[in-house]
Amino acid sequence: MTNAVTPTVDLRSAVVLSGGFPLLSGVDLQLLPGSLTVITGVNGAGKTSLLRLLAGLVALSDGNGTVAGIDLKNGDLRELRRRVGWLGHEGSFYDDLTVRENLTFAAKALDRPLIEIERALQRVGLSNRIDTVTKKLSAGQRRRLALSWLLIRRPEIWLLDEPYASLDDEARTFFDALIADVVRSGATVVLSAHDKLRSEALQPRTIVLGGGRIVSES
Amino acid sequence: MIRTALLVCAKDLRIEMRSRVLLWQVLPFGVMALLLCGIALGPARAGNSSAGPGLFYLVTLLVALLMINRSQSVEKTPGTKASVATLGLDPAGVFLGKSLALASELWVTGVILLAGSVLVLHTSLHGAILALPSVIVTLAALAVAGTLYGALTSGGDGAATLLPVLALPAFAPLLIAGERSFSAALHHGGIWRWWLILSVALVVYSAIGILLYGVLEES
Amino acid sequence: MKQLSQRLFGPLTLTAMGVNLVLGLWIVPPDKVQGELARLVYIHPSVAWVALYVSFGTAAISSALYLWKRTRSVVMDRVAHCAMEVSVVFIALTLITGSIWGRPAWGVWWVWDARLTSSAILGVLALGYLALRRANDDPQLRARRSAVFGVLIAINVPIIHFSVQWWKTLHQGATVFTSNRTLLIHGIQAWTLLISFIAFTMLFFWILRYRYRLEVLRENIAGASLEEALSARRREGAQS
């Protein structure tokens, strides 16, 4: 009897097309629970597309894949979206709502207790901006807001698109500690970055993408 | 579904309350359009034309197009779209919620434009009050259909110009039924046929939206 | 057998069209009231029938079948697209022949007649369908949105028809049947009319078949350039 751990992410020759243009052109990838993976590559290499595929936000055009046990071709992508946590580099909230209103909307949509909102904001250091309208937050603060939302949700897969963009050194250290915690708790974390990660707290697997394919791995 | 609908509706209305796009951009446009209608009729007929109900609905349609685009654009920023998609909200609930919010905004606009047409186009106040129930139903049907057409065109190339091409032909029956029932209220005519068209449109668009909004929201 | 019927379909369509023209233009006697003008009855109603029922019906059914997961296929999307494109041509013909008929009958090219107005509105909807397809690059998104709009157009046909009809009507009453289904025209006129309906319906399906083939060829070319794009993307990856 084998005791193999089922991968959270299992992609086989995954192809993603957009308007006839290949964003991913045959990606094979297996990720285990409690793992941290960094995807790097130049602009247009396919980093965001890969993350969006794993989040169920774009359709798999060819090949096969499962994420959190859900088939990317024939499975319920809405259920997949509920199970992954997504942090995009655009900042992902309604600009005209306050921090509290944004988080309350999201928490109610997913049946999470509202009490966790303040706790999560405290953890990311944003409690003092709870009644600020989101469009008035700085880029770094928006990133913290998005993180607080992921803390409330506690998804089994964290997909973070360029999370280090617009973070200062202090915020980076804080962020690394938080990710280390999340990985320890057994979640699968995939993040994209321009360069290899230079972090003492984290020892990730690094995948280099180029032209929509995996070029190298370390 | 109802829970999601109420949640989305409250969120959309809150965004509107804070951004005040309706108050500062849409309503002034509607009032100006009403004045232009009077100017187009000419000095002799601006104040005593029987075209009041039709012009009221024409202006309301134009205003509705702006509001439909606005209703979709709050969901359209890439980040918001992704984060809302990851909430896995029930699409039927989102459709109903957005329709309800749009209907509420259209009702407010409708009442103001109705007052405007009484004031500047000299439509009878008594008739306008009698026409109010049909105006409410027409605008509700417009909101439901508009939410569907808005989702259909959002995000594509030239969404703002595509919406009128797709939606206006479908709005034509609503304009006819609304105008006829308004005129009937002014002149005590029969209105059951127009109520039938309005009710059928309201029910059919709601059903289609509940069934198919999810298909439109998939990316 | 299938191939033979496919081969015969074109010549049969052309024969039916030819018979319709000969009967309608030369054999059938002119009308007592409208004279030679009445010969348009062998073109206009059948063109309108194809535009508003056959082609819209084909597009609506294939759109609905696309939306139903069990029958969802690219074939349904293609059929809906091609049928709607052909319907635009037939609606234009309906409006043009209607105007030509209307000018001597009513004295103007355009009147606010119920059928004319609703045909024009439905024509804009059909154009909207084609505009919607052009506005979306992603094939799957385009197919889904078009299918939803195809179904919406079908639902709009009766709503627009009745609203405009109740709004105002000037159009000539029913041509073939009275309201209690009694035949109004007889003999060679009735037969010619029947042939015209059959001929134009066949013409629609004949054009649709060729338009569909053209679409498949166009997609094949796009598919070939996709293969090229995929290998270019892979080369790009190997270089970086």
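Worth a mention:
Order of writing sets the labels: A, B and C. Residues in every chain begin at 1.
To be clear about the criterion, a contact is a pair of C-beta atoms (placed from the backbone, for glycine too) under 8 Å apart; a residue touches a chain by one contact, two chains touch by 3 or more.
Note that the structure is a prediction, hence the values are computed from the model and not measured.
Looking at chain A and chain B, the chains in contact with each of them are C.
Two chain pairs, A-C and B-C, are weighed by contacting C-beta pairs, with B-C ahead. Closest chain to the protein centre (all Cα atoms averaged), using per-chain Cα means: B.
With centres defined as mean CA coordinates, chain B is found 38 Å away from chain A.
Centre-to-centre spacing of chain A and chain C amounts to 48 Å, using the average Cα coordinate of each chain. Each chain gets a centre from the mean of its Cα atoms; for chain B and chain C, those two points are 31 Å apart. Within chain A, contacts with two or more other chains are made by residues 59. Those residues of chain B in touch with two or more other chains are numbered 218-219. With touch defined as above, residues shared between interfaces to two or more other chains in chain C number as follows: 137.
If you check the complex, the residues on chain B that touch chain C are 148, 152-153, 156-159, 162, 165-166, 168-170, 172-173, 176-177, 180, 193-194, 197, 200-201, 204, 208, 212, 215-216, 218-219. Per the touch definition, chain C reaches chain B in the complex via residues 67, 121-122, 124-125, 127-128, 131-132, 134-137, 141, 144-145, 147-149, 151-152, 155-156, 159-160, 162-164, 166-167. Listed in rising order, the residues of chain B touching chain A in the complex are 4, 7, 11, 14-15, 18-19, 74, 77-80, 82-83, 85-89, 214, 218-219.
Note for the complex: chain A touches chain C at residues 15, 17-22, 25-26, 41-42, 45, 59, 209-213, 215.
Here chain A touches chain B in the complex through residues 52, 55-59, 77-79, 81-82, 84-86, 88, 90-97, 101, 105-106, 108-110, 133, 146, 149, going by the rule given at the top.
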